[in-house]
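The structure that follows is given in the form of structure tokens.
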Amino acid sequence: MDIKLVQNDYGESRVRLFRVMHRGGLHEVKDLTVSGRFEGSFGPAYTAGDNRVILPPDTIKNTVYVLARQYPAEAIEDFAFHLVEHFLTYNPQVSRVTLEITERPWSRIPIGEKGHASAFVGNAGERRAARISATREKTSLESGIQNLHLLKTASASFEGFLRDPYTTVESRSQIIFSAETCAHWSYEFPEPEMPFSTMWHGIRKTLLETFAAHESKSPQNMLYTLGHAVLDNFEAIAEIQLTISEGYCRLVDLKPFGMENENEVFAPAVEPRGVVSGTMRRNGKLV
Amino acid sequence: MDIKLVQNDYGESRVRLFRVMHRGGLHEVKDLTVSGRFEGSFGPAYTAGDNRVILPPDTIKNTVYVLARQYPAEAIEDFAFHLVEHFLTYNPQVSRVTLEITERPWSRIPIGEKGHASAFVGNAGERRAARISATREKTSLESGIQNLHLLKTASASFEGFLRDPYTTVESRSQIIFSAETCAHWSYEFPEPEMPFSTMWHGIRKTLLETFAAHESKSPQNMLYTLGHAVLDNFEAIAEIQLTISEGYCRLVDLKPFGMENENEVFAPAVEPRGVVSGTMRRNGKLV
Amino acid sequence: MDIKLVQNDYGESRVRLFRVMHRGGLHEVKDLTVSGRFEGSFGPAYTAGDNRVILPPDTIKNTVYVLARQYPAEAIEDFAFHLVEHFLTYNPQVSRVTLEITERPWSRIPIGEKGHASAFVGNAGERRAARISATREKTSLESGIQNLHLLKTASASFEGFLRDPYTTVESRSQIIFSAETCAHWSYEFPEPEMPFSTMWHGIRKTLLETFAAHESKSPQNMLYTLGHAVLDNFEAIAEIQLTISEGYCRLVDLKPFGMENENEVFAPAVEPRGVVSGTMRRNGKLV
Amino acid sequence: MDIKLVQNDYGESRVRLFRVMHRGGLHEVKDLTVSGRFEGSFGPAYTAGDNRVILPPDTIKNTVYVLARQYPAEAIEDFAFHLVEHFLTYNPQVSRVTLEITERPWSRIPIGEKGHASAFVGNAGERRAARISATREKTSLESGIQNLHLLKTASASFEGFLRDPYTTVESRSQIIFSAETCAHWSYEFPEPEMPFSTMWHGIRKTLLETFAAHESKSPQNMLYTLGHAVLDNFEAIAEIQLTISEGYCRLVDLKPFGMENENEVFAPAVEPRGVVSGTMRRNGKLV
């Protein structure tokens, strides 16, 4: 019997970085969590415990800190480009580097009309995300929004669906649509210094406004409408992948207590959840 | 040997309630988690399995839904008053009712200058909270803000402290002050229909602005300044209890890599955390 | 207006300690999380930012590590005694020290009939806990079991309870009783070097066996029976506080699909949960 | 511009199932969480809100309950086979069904030498898992162990590794090796009624004993040794995928306090973590 290692990678995950840029008294903060992973010809490390080609994962952590000091990248995508370039330049033993960065947003504390220069309030479970995966030949880049919690109390229905003998859910012309949404998109021609942050905020705004305006017939239908709006409005985006995790809000039956309940009182459930995902792409432009 | 039950209570926790109020097409949403607990003479239920005085916890859940339909209370404090009154009125076997309500905030999705009538985006781990505990003689009420994440990158130091042989932390004239803050306050004369929501938003604003403005010498000093500002500005508040859980942000030593790090690159730690708590009160007005 | 600080404490929470004792090749491991808190006359630190009486919380962390090296205490209660004694001896500015320690258990990996000398498998969300709170005059000590997940699929009912107009839950002669249980107990005469670990394991065994054997009429009834068994069997225990958080397991209605469901298929719910707590004490021995 | 939906699926996640099989008075329990997902020609649902081919996700939940009643499958793999067969038989609109099942283990409460017939104690964050993905032509099946927490306090080193200018970690002949391990394996010829549970317990035992016995030179080396041992001992297994997430245990420097620390006192860190993954396969038997 011959046993082979057919895939392997290693790295450092959950490196926490907090960076303050001082622009005079005005501070800009970045609160990031970084994971880096290497692929390469590491066979002897696995099979024989030979560590000579293994750069310790701890070094990935140090490199994150050093490059955060060297390159004051505003966008996490640009920080990811710098990290990938560094690792591929100095590590011939590595054939592919994958970086994942998530950013926790902090807002300036409002003081009158303005935001404070150096005091912030944390908001949202929402995260901005980037993922880059690169060999010396090819780089793929994805940006994303994670944990965007959206909710509609009107203009959402679920009707006319297929029924089988185990279907008990009723057709409803009006539902509470609670949609935890993740969106990840890739670019036609990704390169450093694109206006990543401007695009990110524009895409977020598009998702919110489309979600609000769309008369939803199903999560599938909503997902498609969201993706279409992003691709329509952002030419630099080649593809978008969306996932909607729907939390069910059960209308409480108050009849046993002699009351009507006209879409007013609901019991939200943690479990189960409906999940819909889909990927949309401009036709013909990608292989 | 004689064994006695010296304290007992029971109830239902984590009842989830989502309520939509329709004001024409304008929807107002409340996303609440409610816990209710009873004290009373339940001894035989414990000692002999005699359930005749035990109202099932499930009934607390139903009552939350029924009263959410009957009383369109805007403030969770008022909803708590209704629940307490109901339970004390209809349950002679109960001597004390305690209710805890937390509210998850939802913001209207902005459309131009306005918010959408029925589409929302969830924000923040932040929660609004209320706690009421009442007998037929006396009611105590507390309101609160939980999980308020505050951050200062300037105007915070920690110097001149006591040292013992196991003290290694260095005096620092400039620290990143990351403060997860909880505030709970009680009222001089609590009663239904006080402007609870207006006060809540005012207190939140006071906490944020005071946090931003104060030159912090320690978490203790910050806590006191926050509490003082609230008591100064809100006469209806009798007492405030504050807790600050401080997350440490270690300045990364970049000297091994030939670099300076002038308060720019930090490594935040999950654990351990510093914790400071304190209660402040107007003197002489309370026993 | 005169504002006073009426209560305060501070400290360090979530200090993580992993300790290996080498008994020849046989290793014994302790995986602990420690929180320590000081009360004292710290007023000027709060009101004026005067840190001269503030021992930094970071020093609590260092002290945990130093004392873990000095005192190879097997029981967390004994480690807590050492920490408290240290802090009260060397810190005249401190009037009360409170320590909370939780222990995550690791089991030896079984090799044949025996356990491996230095390889372990982690088990359970279950935790062993101790809490000590001491002034220079008086020490109170509590030990505990947290997150003990117990389950009965027979010999549990809930019948004959009180009904009001909002009660819909049905009387059931057979329920799935899923009980997340916490127990904390204090001692008649707490002092170092009591057989804390032996007692802890004995109490855990008593709780399990009593839970299994008891014909439960309600969570209240189960709680009392558990507490009684512990006080009956462990004379050194003065008082026990128990909490049972009950997860509801709904019998799925399969009639719409033409099937019976005789207590076989259930849907467990995360929320809401029933909660019962009670404190039991030997009569006459305590004030 | 032509926008296309290039991938889509939907389903129901986190369906909770608790099943009791009564074998006389002896109860056997299954505590499962099930997710099911459909792929198919659902285009019009996405693009036009046409729900006529959409079986509601809620029906997946009902089907899980119905089939749990019909088929008293002991192994989650067999339950997965039944679910997949059902969905592919009755849903021509579905081209691929994917099921993921995780099982939370419950142990009988020990009473003397035996386990209690109907009382259980929950253990471990550990989970048993199965994943099946099937079209009408082909079925792939994977079984797994998730969250297996393993720990070695001897026979683990990390030395002789590559260093670059940002490498600061020191070579160590003795480390605490804390390895959160996940293993997923597939079968040469998967089919219903294989001895899945026997294999699962055998593989778990092999992982534990190999972890204990192996002199680890790196997580990579440990991973390979674990995978090799499983493939060596279980002929029915075609491929195994392993991931080790390593939690760092820092040796605390006690020199500032005048003490040695000979691998006794450590500070475990939550973040960052090292991650190693690898897939191993019998050579030549698979394409």
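Note that the chains are named A, B, C and D in the order they appear, and that numbering of residues resets to 1 at the start of each chain.
One rule holds for everything that comes next: a residue touches a chain if its C-beta (ideal position, glycine included) is under 8 Å from a C-beta of that chain, and two chains touch if they have at least 3 such contacts.
Values in this document were obtained by computation on a predicted structure and should not be read as measured data.
Undergrad: How would you label the chain A and chain C contact, same or different, if same means the shared numbers make up over half of all numbers there?
TA: The interface of chain A with chain C is built from mostly shared positions.
Undergrad: Which pair in A-B, A-C or B-C has the same interface as A-D, with over half of the contact pairs matching by residue number?
TA: More than half of its contact pairs match A-D, so it is B-C.
Undergrad: Work out the mean Cα position per chain and let me know which chain is farthest from chain B.
TA: Comparing chain centres, D lies farthest from chain B.
Undergrad: Which chain pair is joined by more contacting C-beta pairs, B-D or C-D?
TA: C-D
Undergrad: Quick check: how many Å separate the C-alpha centres of chain C and chain D?
TA: That gives a centre separation of 30 Å.
Undergrad: Where the centres are mean C-alpha positions, what is the separation of chain B from chain D, in Å?
TA: Roughly 38 Å separates the two chain centres.
Undergrad: If I count partner chains per residue in chain B, which residues reach a count of at least 2?
TA: 16, 62, 66, 166, 168, 257, 269-271
Undergrad: Using the touch definition from the top, list the residues of chain A that touch chain B in their complex.
TA: For chain A paired with chain B, touching residues are 16-22, 25, 27, 29, 31, 62, 65-66, 68-70, 106, 109-111, 116-126, 148-155, 176, 208-209, 211-213, 249, 252, 254, 257, 259, 261, 263-270.
Undergrad: Within the complex, which stretch of chain C touches chain B?
TA: Its residues touching chain B are 1-16, 35, 37, 42, 45-59, 61-63, 66, 90-91, 93, 158-164, 166-169, 216-221, 223-224, 227-228, 231-232, 239, 241, 245-246, 270-284.
Undergrad: Please name which positions on chain A make contact with chain C in the complex.
TA: 165-166, 168, 256-257, 269-271
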